[in-house]
Structures are given as structure tokens and as C-alpha cells.
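Handing you a structure now.
Going by the order they are written in, the chains are A, B, C, D, E, F and G; count residues from 1 in each one.
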């Protein structure tokens, strides 16, 4: 890892972002045909990553990268093993198809360029996510996928549903991201390792760490939100507000699998524990069942597919958590299969919507003749989804049952869950793939057909892939499945399943599934009605829960803010001074910094006492003044008294200034008050008076105690001695105070006069700038206006 | 002296707790004095020996005078608090003109009483 | 020959006492009022007393530089009284204890 | 407030006060006083002038807007600090020159310039406030 | 220079005898420039057309000087210039370390953006009554506060920036402004007065005001003097200044009332000075006492960030929302002060830089958005995304930045702070940082979907006429700041390194002290 | 110090303070603001003036003495003006004379157009 | 006024010649200058200058005397156990008509026993004076007319 060599991988990882920069311009030039140009980027990425296949198949792990933030020990480093390579290939391969498909689907959209830009950025983020070695780089890309998907879901920003779905996705996945961040940082803290590759190699027993549960929960928080596990699944179907290419790409093939990727990635270090093998299957299984049941209820093809995506993710999580080697293999196979068939089916749904004008399976039908290629792709993908040979889905299904089956309560339960889930997915796959094409022809739009090549190329290629990968399963396993399973399992694994059925338990279970599926398919309308009734009876779901969460948070915040920021200066002041009392009193008492009992009061001569008494009288008179002028004049009294005190204690300059300032204060008070008609005294209720009195007395006592405590210390007068010594000899001034002001500490005075000047200007602007037309100023001089 | 500082603070803070701008202003003026006296006391007190040397005789001049540094600091503080006082006074005056009140309870223009809940939709 | 220092000290003590008494009386007038001009007058008087006080302290301590303070105080004290007189003129005699011989309506008109 | 008596005396009074203020300013380095107090006295002088004779005469008398005077004061003080760059010493170092006039030495210093700057700032700012208030009060 | 010195005095006992290097003038240069230009602009106050032509190049020079100063400090370590060449601690020393120089530069950049934006945003009367002089004097206050090494002098610069901010706040004299200014002014007056009081006590205890001197003397006084109480008082004073909960009242009451550019400058500059001062006092001067109060600061930090984020969620007005985000950010900065670990403090410094830039930019953006959408209310304004997509793009980046999402500038300091919190087992503090980020995301996300994405309402002001924005004065400052946000987000190494060095210098001020007392300790 | 001067000074400060005290007493005892003004503007001014001159003498340098004299002159110039302004303002806004008053020849608001400033 | 300026100039010259600009030296120069002017009074027409100076001095002496009397009388009045007051405001018809003179008169009246100038009528014909003792207004008026007003007229006409 120390030898950071320049590498094409680095530029490959950056290339989608660079392409995103140019996408709008290209689209302006070439219209939707820019898709062909832009698709070169993912294609090239695909090609680049496929060159790693032989090495990775041989069990090598390719790492590389650069120092990014050495100060924080964060690298821009990548890790290419079976897991990340498979993901990278899926992302770039399907990505290329999606870019093309987008060109057709959004052919005349005014913001197609922007769309390309977003989707390329997303692709780059996803690619970065799966190839990241460094934790923080991983997290950066993780959040980038949330951000870009926010933009894509809200692409159709004029509809409220889109905006809501976008925010929902951002909140759920962004919130989950924070858990993930905490989890990753905790791992970093516990192990001192911040790179996946090192973590996987280190054999540090995270599982034995006291922080294991915390890490586990935090990582799951990230994974489950991103991968839409029940009960946080709701954002994913809502994300179908995005244009269909987005749904096909993000919400089936790639982003939603980021959570699964994370679980798979960390399986070697976090797995093999009771928590892992209990929690994951429970959440996964529940999500599987709930997802399929909710899918049954839908008639919108996209939504049906979206809910089955939820269930598929549940299945993947369940398998990953199950813990056996076979289950991991099954998860790997199913993940690949799902990416292909689900991407294709979404594109099919989009194509039908685009051509026939509706995605509602009850509103379209009989399109087989007019859209033969699309139909073929749909049909093939549905076969794969249903787990029927000779498609890749079949291999996955066989392996699932092989992995789960075990004559024990827990595996049996999970097997049952898998059967029900798969059976229902079988139903939906065929509902989407058959209903629009069979039966009598009906379509709201006019002249549906396969449309431009951009529109059908994607589903067709993916359908073919489903077939080819299954037919040449040995190759697939050699290059894809085995390396990936090895990575997930953390030790060498090889996959062998092929489309030639082997007699055994998995086959029987598959047959059971198919039988269940066929029965269910025939009763799909009844099932749908039942589900609708059930959900109506429950009447509440996490989706509404989201609205309630947002509203509740806003309302709570509003109430809290009203309490802490009530808008009344009086309360602010009161709080401030209570804080003051606390800030001084509490530490003084707690840390025993109270002063010693003061000695006998310092000697005061008669007139000193008199002056101080006058000051006090002036103060009290300010308090109790019946009218404003008395208060002002009393203010003058205490000011004069202070000036006299200064004089008595050897501070003529202070006294001088204090006299001047105090008088001027009183003068401007009088000048200003001239125009005000105010109630002079404030009427506080007895209780309020008491509280205010207590606050002020406590604060004052605090200050007095602290002052006593300070003055009881020996004093270091070296500064003043210095000033006294050099005031005349070097600074040529006999008045030490003035010399301090203009020489020793002239910079203070410099700032001080700036204050005076600014205060003057501020007051001038306060007086002069008035919104209401000012009364013309009495002046005889027309040039006066100029001067102001 | 220390006690007097306390009285100054108590009165100033009590005035600050009023809901009338004008009273708070008076409080601000007194607070300034309170702080000055505090710094003055904090720098220790000396009676009646101003820190002024005799220009004719610079050598024998190193006598014990009142501590000049706190005086300089207080001078700066006086000037600053005077500037602030003047500004606040005019501000209060303008507030009275524009808002037609000096009661802070009624001064609710920046943060109105009936603040609306932000929109809850999307 | 009398002890001049003691004499001066005694004189200073007497005058400081007198001045302090004056302060007290004047402060009383400020607080008592009853009218606005009374208070202003008392403040004016306060300034005068303070000038005397400064001068006496100057004599007591031997720091004659206090004379400038006294002068300056006289100057701004004058300004204060002027400003207050203005204030009285502009405000009318509202808010005092004493009734007025001129009707307040007239006063209002004049301020205009 | 523009009574005959006051109006007649005020200009003389004000000029006396300004004179006194300059005295206080120049003497501040050795005895109580200095730029700030001097400035306050001068500002009081202009305030009295303004109250007695109206704002316009004061503005005409000052010629520059008071705030511009304040600005120039701050500028002066800053320049007083900056001069030391020429002498290769840190900011705000007091530099003294003695110019012999009639046998006496006239001491000029950056410190004095600084104090004059303080004086101008205070005169400008406070006068500006006073005049603005006076105008406002009379409208 | 003729001298009529009659009695020879040993100058070297009182003064620094070696001449000041020209490079050391950089220490004071930003401040001098601001003061001189501020006063110059005041003198030509009435020539409102001339003002921007002096001010904007002046601010550009300020930024250059700040850059020069930062480089100087990076190369040579903390630099000191003692005013009047009096030996420290007798003269006022300006001592600049990385922390001061970095924040000073950031402030300069924010001010430059604000000054540029102000050329379009501030009307004639605003200029006539001192927008630019106020701006420069405020920058003088801010720069002075960051650069000075003397605690009383710090107080003076606090006051300079405070009074200038008053001036900026009331330019316009609208009712809301006056009301906001009243609360702002009185509460801030209390805050700075507390600062002064604390400094008075401090002088009474130590007999010195030079920060390096205090830092030297503090350990010996820990057991003798009431230092915890003193630090607690400072904490309150600077906490108020920084608008930390529960002393944050003044900020939401006022920040939304002035001109947008003024809010922007405030958001960028003012509260951070409070944070800076708190760092200086608690971390450098009184580390032992800070340790005692660490838990309290941590609670304040957590409460501030959560209350701030919740406040943002509760707002209808975009600008008020931003005000609460400022507060939330303060909480995050406080977290590092509470931790006081090298990485925690580095996070605080980094976050301060981020916050200064991003909050300034957000306010500027909010002003443009309000022009485009016809107001600040997220309830009634909408359609910015459709009408001004470039502005929307910039705003969105800023939103993500302020939420702490990658790859923008807010991300790294947050991660560093979360990690630093976890390092010491303060999981709840880490949780608070993350939670506040989460709430912030919701808050700004809502603004985005309502004001930006939501289509313009029929009959709304945005539809009546296309609002055109000037690319030079309106967009350029915003683009500049946003570019910084993105660049710092993608290439955080430089800033992070600086923050770490700055953090080390503050936590272990040996170099700082040596720069003030080259002979090692005072006479 | 010259004992003669000392006696003079002692006398002056006592007399001055006494005058001031009398003025303060007058402030208390006299019945209305107008009569009180007599006390304040005469006894008060003379009182502080005398003490100030005493200070000037005590200083023993001409500069201080001339300043003290100038100060006194200044008080003598300002005291009547402030009394005049205050009296005029008080009268103008209707503070009435004490009930003891025997004569009031001031023209009332209605029948004069005197310069009331502003 | 011209002569006064010449006198000042002479004083300055004196100071310049002697080399120090102290107040004392200037004052000395002033008196010296006045003396010189006196010597040449026939030629430069400075006779009036000196007689006016004498009359102003006389006014000043009167004023100081009255001031002292005033303070003492107020003191006596205040200190007397039973104050016998007959206060009031009376109008005084002015002889002088120049602003400067009116002002001077008004101020002097204020500083003298028992009287206090309250206002001047708009047409500058009347001075309204508050007096503590209004038992004999005619006598008071006569005192003013024969005292200050006459002296003022003498000094400045």
C-alpha cells in the first residue's frame, strides 16, 4: 500500500464525474443521441474492470491508490476482489445500458443533459463505493449515492410526490449514513485500521470487542436503510417517482444493493456471531414477506417491481446473515441474477409506459404483437425472476434452498419464508411479464411498438445475459460467483451449481415454490383484494410514519424553539443574568474559590464615606425615581460620585473623563428624551420584583466575592512599575496614564477611537435613515442638504 | 469600596431586568461605572497620589503612585462604554419612534408573537 | 505663630464637611423635586459643589492640576443645564407633582 | 433655546471652550487631559453653539462634515503609528523630533500626532451626534 | 533623529532594540489596512459611487495580506510584533499563530465576498451612511481580535467589531431591524461587559495582560487564585458572543433583519470571533481550568448543536433558518473545545473556517433566492430551481456542505470531531454531532424542495418578471465562496494540516510564548 | 508656606464652602424654583469660585492662578445664562411662581410673540 | 478694536524679542504695549481707548462688589430663621438696545442681589426680571437703571 503508483483505475473512477461535467454540453449538441457517446464511459469502465477478472479469479486481491488526506490518514485507495469486481461490472455494464435507455426514454425531455449528468455522477459514486478500500472514501461515496439519488428521485421536481419521495430517500438513507459513519469510525477507533483490505486481513477479533454490539448496530443502521429493510423499506417504492431509468438502475440493480454490499463486505469481520446470524435473517425474512405481500397489492408495474426489490433485498440480507457457506453462495448468485432480471423488467415497464401510455397492468394488455422484442426480454427476465431454467435465476434459487435447507427449526422457518417469498415473486414476475402482453389489446397510448433501439436494447441485452450466464455457468462461477463468494465468506469458496437440475432437496423445494406460485398466480386478483383489505384495516404504515415523523419533528422543534427563543428581551435578559449567577457562583462554591473572610473594612475618611453614600443614594434614586428626569439626574449623581471617588483614589485623569462623560451622557439623555413620551417607572409585580431582586443581588454578591477573592491575592505590579520607570525617561511624558494611553498601550486607544468614530457614524445613520418621510429639517440654507 | 461595587452591580442588573428600554439604558450606564470601579479595585487602591511625575526631575521620580495601568484601562473602557451608551440611547429612541413603544414586551417585530408554523407539506 | 499646616488642615476639614453637607442637601433636592426645573437646578448646584470639592481636594493633596478638572466641569455643567432647560421647554411640565398655570394645550402647541 | 441672551454669549463661550480644549489636548502628556478630554470639551463647545444659534452655523463653521473630521482623526492616529515603518521600528513606536525655534525646542512626536488624532475623532463623532440630535429635536 | 535626552537611560532594559523586520509588519498589516481604509471611506462617505472602487480593491489587498501573513506564520512559526517596541509584556504584543492567521484569512475572504456583493445589494443611502466604513471597521475589529496577543486589546477589538456590527445592523432602519438591533445590542453589550469584568479580575490576579505572559504564569496560580470561576465567567462571556445555547438569544432575534449582505458578514465573522476567543482563553491560557469545565462545555456544545438544528427546522423564514444553522455550527465548534484533544481542536479550527465560508455564502444565496422567488418565506416563495438553475445548484452544494455531507467542506471537520469524541468515549457528543447534521439535512432539504424545486406559484412575484442577477456582483462572490467549499471538501489536506498545526500551537503554546519572549521568560 | 498665604487660603476655602453650603440650604428652604435659582446661581457660583481661586493661590505658580481666575470668570459668564435659560423654560411651560409671589408682569402665552427658541 | 490689536501685536513682539512665550511674559508685554500706546495717544488717537478701558474696569469693579453683596444677602436670607419673601417677576424697560449690551445687563442683573433675568421681550424693549423682594419695584428698577445700565452705556457708547 505504500507504493502508490499512478494508475488507470484512478482515472477510471473519476471518469464518470468528468463525463457528467460534459454531459449537458454534449446533449445540447447531439440531443438524445449523446447517449451513445456517454455510454462509452461506462462501457470503458466495464472493459477496464473486466481486465481484472483473471487475476481476481486466481484469488488475487488488487489494491492501489493515493494518499488523499495524509493528515487524517485517509487514502484514496481501492480494493478489487471478487465482491467489488462483480459489483463494478454490474454497475458499469448495466450503467451503459441505462445511459442508452435514458436517451430513448427521455428523448425529448428539456433537461435530458442534466439527467445524464446526474446519472453519470451516480454511477461514479456507486463505483467508488464498491471499490473503496479506505473507510472514509467508502463513506464519501456512500453519501454521494444518497445525494445523487436525491437529485434523480426529485428529477421531476414539479410534482409534490417526487419532492416528497426525494426528501424521504435523503432523510432515510442520509440518516442511515450517519449510523454507518459512526460505525466505521468506531471500527477505526477499536482496531486502528481504516482500510477494508487491512481490516479483512488483520483477523482482529472485532466480535470480541466490547464495542461489537455498538459497531454491529451502527453498521446495520447504515445497511438496512440503504437496502430498504422493513420497517425502513418505504422510501424505496416511493423512489419510483423517479424516471424509470433511474428506478431500473438505482433502485434495483445498484444503489439499494449498497447496503447488501456493506454487509457482505464486513461479513468476514462482523459475521459468525449470534447477533449477526439472528438479526439479519429476522429483518431479511420479514422484509421478504412484507415486500412481496405489498407488491401483490399493486397494479402499477413499477411499484410491483419496486416492492419485489424490497423483498429481494430482504432475501439477500437473510441469506447473508444465515451464515452458511452455501447461503453466501446463494446470496451471491441471487444478487447477480436479480440485478439482471430486475433491471430488465424495470426497463420493460418503462418501455410499456412510454409506448402504451400506462404502467397499470389492469389497463394495458395484448402488446405482444406490437412489442415483440420487449416481450421477449420481459418473458425471459420473468423466467429468471421466477427461478426457472435455463436462466440465471434458477441457479440462484437452487442454491438458496441448498443453503437454507436443514432439518432444524430455524433453518426450516427460513426455508418456509423463502418459499413463500419466492412463490409470490414468481407471481409478480409473471404478472409484469405476461399481463401487459397477453389477452386482448388495450392501451391508453396510441400505436405502441418496440420503439427506438435505445429503448429495447437494454432489456434485451440483460435478458440475454441472464440466459448466457446460466448456460455457461462454469465460466460465470469461475470469474464471478466463486471469487465473490470467497470475498464474502472470507475464505476460498467455489461455486458449482449449473442449470442441469440435480435431484435433491433444493429441486423439490423449487417445485413446491413453482406450484405455490402457479396457484397464487391464478388467484392473484383475490390475493390483491385481500391484501388491500388487510392494509386498509391496519390503516397505518411506515410511509405515513415518515410524514408524521417529519411533521412531528417540525412541530416539536417549533415548540422547543418557541420556548427557548420567546422573542422577549426581558426573558433573554433574565436568562442571561441567571446564567451569570450560575457561572460565577457555582464554580466558586464547588471549587472552593471563595474569598477568605475580609479583614476589617479599610479605613475610610468621613468625606470618602459621604461620597460613597451619595453614590449609593444616587443609585437607589435611579431605581425608585418616579419620573424619568429624576432618574436621569440621579444617574448624574452617581456618576459624579464615581468621578469623585476616582479623584480621591489618585486618578485625576479618570475623574476628569468621568465628569465629562457623565455630564455628556446626561445631556444626550436629556436631548433624546425630549421627544419621548414614556411611562417613566416600570411596574413590576411583587413576585417579579422579588425574583429580579434575587437575581441581581446574587449576581452582585458573586462579583463582590470574586473581587474580594482576587484582591486578597498578592499583586504583581511589575507592569505599572515599568510604566512609572520609563514614562518620563523614554516616553517623555509625566502623566503616566496618558503615556500609557498614547504610547505604551496606544494600540488600545487606537481601537477605542475607532469605536468612538463608528459609534458616531452609527448614530448618525440611525437618526438620518428613516423609512417614513422625514419632516423637513428647519434650515435656511439650501446647501445644507449637500453637507449632510 | 468592594461593597459599593456590589451595590452598583445589583442596581445595574436590576435595571437590566426591566422591560422598559429606558430603564435598561440607565442600567447600562450604571453597569459601565460598576465595571470601572471593579477594575479600579481589582488593580488595588492607593489614596490621592496621582500617577503624574514631576517633569523637572526624572530620576528621583520613581515614587509609589496609584497604579496607573488600571486607570488607563478604565479610561479606555469609559470611552467605549460611553460610545455604546450613546448608540444604545439613540437606538432606544429610534425604537420608540418606529415601534411606538419602549416596552420590550411589545417590541415584537423581529420575532413576531404569532410566528407561523413552517409548512408541513412538501 | 500659629501652626499654619494645622490651620489649613482644619479649614480643609471644615470645608469638606460643609461641602459634603451641601452634597447631601442638593441630592435631597434632586430626589425630592418636586418639579423638573428644581431637579435641574439641583444638578447645576451639584456641579458647583463638585467644583468646590475638587478645589478643596486639590489644596488638600497639593495637586493643583485639579484646577483644570474643575474648569472643564464648569464648562460641561453648563452644557448640561442648557440641555435640561431645553428638555423642559420641549417636554412641558407633564409628569410633575405641581399643577401648571398655563394649560397644557398651549404647551403642546409651542413644542410642535 | 435661541434666546437673545444665550445667542449673544454662545459664540464667545464656544470659542473660549475650543481654546481651552486645545490647551487640554496639548498638555495631556504631562498632566491630566489629552486628546479624549480635549475632544469632549470641543464637542461640548460646538453643541452649545448649535443649541444657541442653530445647527447650520456650526456646520458652516466646521466646513467639513463632523464625521469626515472623525475619519481624518482616525487616519491621523493610524499614520502616527505607521510612521515608524520608516524608522524600522514596530508599529506605534513613539518618535520624537526637536525643532529649535527661538532657542526653545519645539517637541514634535508621533505620540502628539496620535493624540491629535484622538482629539479629532472625538470632536467629529460627538459633534456629529450632537448636531444630528439637535436637528432631529427641532424638526 | 535628534534627541535632546538629558539623562541617559538604558534603552535595552525597556525596549526591543533590534529593528522590526519588514515581514513582521504583516502581523499588523491587515488591521492597519482596515483602519486606514475605513477612515478614508468615511471621509469620502458622500461619494457613494466612489466607495466600492476603493473598498473592493482594498478588500482584495486585505486578502492578499492575510495570505502573506499565513504563509509567514507557516514558514516561521508564531510571529510577534510588540507595538511601540516596548518589551513584552509591557507593550501590546500582536502575536499570530496559525489559528489566528487562518481565521483572519478566512474572515478576509468572507469580507471580500460581502464587499463585492454589497456593491449590488446596498443602496445609496446605505453607502452614504457608512456601509463600507462599517465593513472595514468591522474587519479591523475581527482582524485585531484574531491577531492580538493581549487580552485587554482583544476586548478593544471586540468592541470595535461590535459597534461596527451595530452600524451595519441598523442600515435601513426598518421596524424589524430596529427591534432586532435592540435585542442584539443590549445582549451583546452584556456579553462584552462580562468579558471586560473577567479581564479586570484577570488583571487583578496576574498583574499582566499579555496572553503569552498569562499562559506562562497560569500554572503557578492554579491553586491560589479563583481561576475556575474566572474561566467560567469567560466561558459565559464568549459563549454569549458565540451564540452558544443557552445564551444564543440575540442571534435569532437579529440576524434575519438587516440587509442580506450584512447577515452574511455577521454569520461569517462575528460568532467565530467568540469561538476564537474562547479557544485562546480556555485552551491556551487556562488548560487546567478548562479540563475542569470540559464536561460543561461538552454539554453546552451538544445542546447548542441540537437546539440550533431544531430551531432551523422550526423556521418559515429562510434567513432565520440560517441563523439557527449558525448556532448549530457553534455547537459543533464547541465540541472540539470541550474535547481539547489535538484532533478535536483541529476539528474546531477546520469547522470554523468551513462555517465562516459556508454561512456567508448561504446568506448571500438566500438573498439572491429571495430576489428570484419573491421573499424569504419558504411557505410562499418557490420556483428558484426553474428560474435560476445555476443559483440553485450553488445553493444545493452549500446545503449539503452545511449539513456536513461529503464531498463538501463541512464533512471533514465533522468526521474529525466525531472521531475525536469517540476517541475519548464521548459517544453522546459524537451522536449529537451526527444528529444535528441529520436535523440540518432535513431542514435544508425542506427549504430546497419548497423554495427551489416547488414550481413557482401562479401570480407569485417570480412569475411577473424574470429577475436577472448580475454575474459580477451577485454571482461572483457566491461562486468564489462555493468554489472554496467544494475545493476544501475535495482537497482538505491543506486546511486540515493547518488546523492540526494550529491546534498543536494552541494546546502547547511553547512557540507562541517564545515568539513573545525570545529570551525565554521575562526579565 | 507663607503663613499669611495659608491663612488667606484657609479663610477662602472655608468661606467658599460656607457659601456653597448656604446655596444648598437655600435650595432646600426657598419656596419655588425661581427663588431657589437665586441661591444656586449666586451663592453657589461665588462659593466654588472662591475655593477655586484659593487653589490657584495655593499652587503658587501663575499658570494655575490664571487658569483658576479664567475658570471663575467662566463660571460668572455661564451661571447667569443657565439661570436665565432655566427660568425662562420653566416659566414658558407653566411652572408657576410660589404662592408668596406678589407680582407677575411676564406676558402670557396668548399675548406675545416672544422668541421662545426652536 | 484696532488699537487693541496693535496692543496685542506689541505684546507678541515683546515676547518674540525676549524669547519666551509664557503667559506672564505676554501679559507683561501687553502692559508694556499699553504703556507705549499711552505715550503716543495723541498721534494714534488712543485717548478713547484708555478711557473706555477705565470705564470697563469701573463696570467690572461694580460688578464684583454687587456680586459679593449678592451672595452675602442671599446667604443672610437663607440663614435667617424666618424668610420674609415677596418674590415676583417684573418687566424692566430697557434703555440699551444692542444685543451685546442687553446680554451683559441681563447677566449682571442675574448675578446681583435678589434679581434674576428671566427673559427679553421679542422687540428687545423689556427685560423680565424675577426678584426675591418685589415690595418696592420702582426702587429696584431705579437701582438697575442708575447702576449697571448706566455704566454699560458709559462703557460701550
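Definition applied: a residue touches a chain if its C-beta (ideal position, glycine included) is under 8 Å from a C-beta of that chain, and two chains touch if they have at least 3 such contacts.
Worth saying up front: this structure is predicted, and the values here are computed from it rather than measured.
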Shortest chain-hopping distance from chain B out to chain E: 1
Central chain (distance from its CA mean to the mean of all protein CA atoms): E
Comparison of D-E and A-B (more C-beta pairs in contact): A-B
Remotest chain, chain E as reference, centres from CA atoms: G
Distance from chain G to chain E - Cα centre to Cα centre, in angstrom: 64
Interchain centroid distance [CA atoms averaged], chain A/chain G, Å: 87
Chain centre separation (chain A, chain D; CA means) in Å: 60
Between chain G and chain F, distance of the C-alpha-averaged centres to the nearest whole Å: 17
Shared interface positions of chain D, touching two or more other chains: 1, 3-6, 9, 13, 30-33, 36-37, 40-41, 44, 47, 65, 67, 70-71, 73-74, 78, 81, 91-92, 94, 96, 125, 129, 133, 137-138
Chain F, residues touching no fewer than two other chains: 18, 23, 25, 37, 41, 45, 47, 74, 77-78, 81, 84-85, 87-88, 115, 117-118
Chain E residues counted as touching two or more neighbouring chains: 7, 35, 38-39, 42, 83-84, 92, 133, 152, 156, 159, 163, 166, 170, 173, 182-183, 186, 190, 197, 201, 204, 252-253, 313-315, 446, 449
Chain B partner contacts - residues on chain D that touch it in the complex: 30-32, 36, 125, 129, 133
Interface residues, chain A side, partner chain C - complex: 606-607, 610-611, 614, 617-618, 621, 625, 627-630, 633-634, 636-637, 640, 643-644, 647-648, 652, 655-656, 659-660, 663-664, 666-668, 670-671, 673-675, 680
Residues of chain F defined as touching chain G within the complex: 18-19, 22-23, 25-26, 29-32, 34-35, 37-39, 41-43, 45-47, 62-63, 66, 76-77, 79-81, 83-84, 87-88, 91, 97-98, 100-107, 112-115
Of chain F, residues touching chain C in the complex: 1, 3, 6-7, 9-11, 13-14, 16-18, 20-21, 23-25, 27-28, 33, 36-37, 40-41, 44-45, 47-48, 51-52, 54-56, 58-59, 61, 64, 67-68, 70-71, 74-75, 78, 81-82, 85-90, 92-96, 108-110, 116-118
Partner chain D, residues of chain E touching it in the complex: 1-4, 16, 19-20, 24-25, 28, 32, 35-36, 38-43, 45-46, 81-85, 92, 133
